[in-house]
């Protein structure tokens, strides 16, 4: 079986009518799996619902523990894009026998033109095929955990060294 | 570079207001790549725009020739789901040094609840990682060309033998 | 209270995955009212679910009877656009003390770019304000029942005489 | 001809990828009119793009001047919902020979489940039929300017006195 850990980020943000804020209150990943007619057996667990700008070292430790502690060998982690590479660098040196793919979105699923559905589909293929290791799957590309950063200006992920 | 061959199928069907028919007149794959913030270099080519129920042996030969003739080693083919497995069985025994992933949709992209975006994201990851061979990517799963069929009742793809 | 009679038409068409046909199996009008945060009290009733090309004189008689028989003075009828003007001409000479607004869509609600939500919002305002009579509400315009036709080429409703 | 004045509000908010903020940078009303297959002649003008919580007396004066100064007798004003009733109370006592309908949205147009399309369709019918006066069109209902408030808890508009 394949595990999907939810940690929050732009992907799951939704509009709160009372004050017009974008908030994290639940995950939409099950809805996305349904839209993709997913017949793959997946276990979904919300670890936290945080904007990744506000993630602290303690949060990344919890994510690491969860990855180490679960029986599944294939793990997708939804994560805010701003510090996704940072979390990958916490998991990378420690997890050796599992395939972990971090994925997120630049535009929340609740928006018409969101990249969330495309990205989650992409990550679910990647995690099933890639050999053990920690990866980031964004912009229809796969990045190794130790050679990736988010370009703050373009909003796109890129290799640090080619 | 990665090649995307368009052959038609449900994925690209759209509504024609004049007579209420669902027709194939162009592809929406570029729109989907844009939605996914795809920074991967891809070449798109429309081979045909056919409902796969009306594909004939000659059509599958053309698709095979296109796959053999292009310089790219990674090829995604959008295809109607009804005879997708049949086309895979034409490509499978012949193409040996390329990774070819066939993908489609159960609901056209033009519908709100389409699986097209999820599926294309999934296929684009698969084609970049899988070793050479012919595959079908549907229902968030990857199938080898010689062990896959569409279950007509459920509309889902499944292995012929487990 | 305001009555909404459903008769079918493009507005409610949805995709049937098993054979790729556009079919009428239920109405989406409640969903549209929810999307519009409608706090207006409305009663919804499905009279039939027909493509208006296949409506016969008997069907229009049933619609007329329903309009005459219900206690509400404000009635919205969802209807296929092809013979909407014809049904209006059956209702027009008979119903004198009620406001009846016929409305439909050129693209089904289930499509991303449907006009159904806009049109139903438009019709719901029209029926609350117009004086008794029979009207067609399409293309953001209101037409009297005895001076309206659908232009088959443009797909737009227009006056017969200006 | 019919005038549509844009003043901002939730309706036109969109997601800015660089910082995840909801911002006002342009209007989507033309896109909505296109979706509604609107053949009505309309003139669109952006007066301002403000969250109505930040509108000041000076802003409402500008809106009033615009309504008085334009040649059109039918005016739709898109406006944030939080102080929509306040702006209506500035226009109400002064404008006597024009029909002015204020409309907005609880969820921005850029979200999948927005009420913007429904509401704008509703307002466009209302403005064409209502006799001169100032109105708010929300929740599929029409309110007179001097008997309407937004219920902060429910987010719905309601009469002050029944």
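Going by the order they are written in, the chains are A, B, C and D; count residues from 1 in each one.
What we mean here is this: a residue touches a chain if its C-beta (ideal position, glycine included) is under 8 Å from a C-beta of that chain, and two chains touch if they have at least 3 such contacts.
If you're wondering where the values come from, they're calculated on a predicted model, not measured in any experiment.
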When subunit A touches subunit B, do the two copies use mostly the same residue numbers, with over half shared, or different ones?
same
Taking CA centroids for every chain, report which one is farthest away from subunit A.
C
Subunit A to subunit D: how many Å between their CA centres?
38
Between subunit C and subunit D, what is the gap in Å from one C-alpha centre to the other?
26
Intercentroid distance (Cα basis), subunit C paired with subunit A, Å:
45
Mark out which residues of subunit B touch at least two other chains, giving numbers and ranges.
106, 112-113, 155
Interchain contacts (touch definition) - all pairs
A-B, A-D, B-C, C-D
In their shared complex, subunit C is touched by residues of subunit D numbered 32-33, 35-40, 106, 113-115, 117-126, 128-130, 137-142, 155-156
Taking the complex as given, what residues does subunit B use to touch subunit C?
10, 13, 15, 17-18, 20, 22, 51, 106-108, 110-113, 152, 155
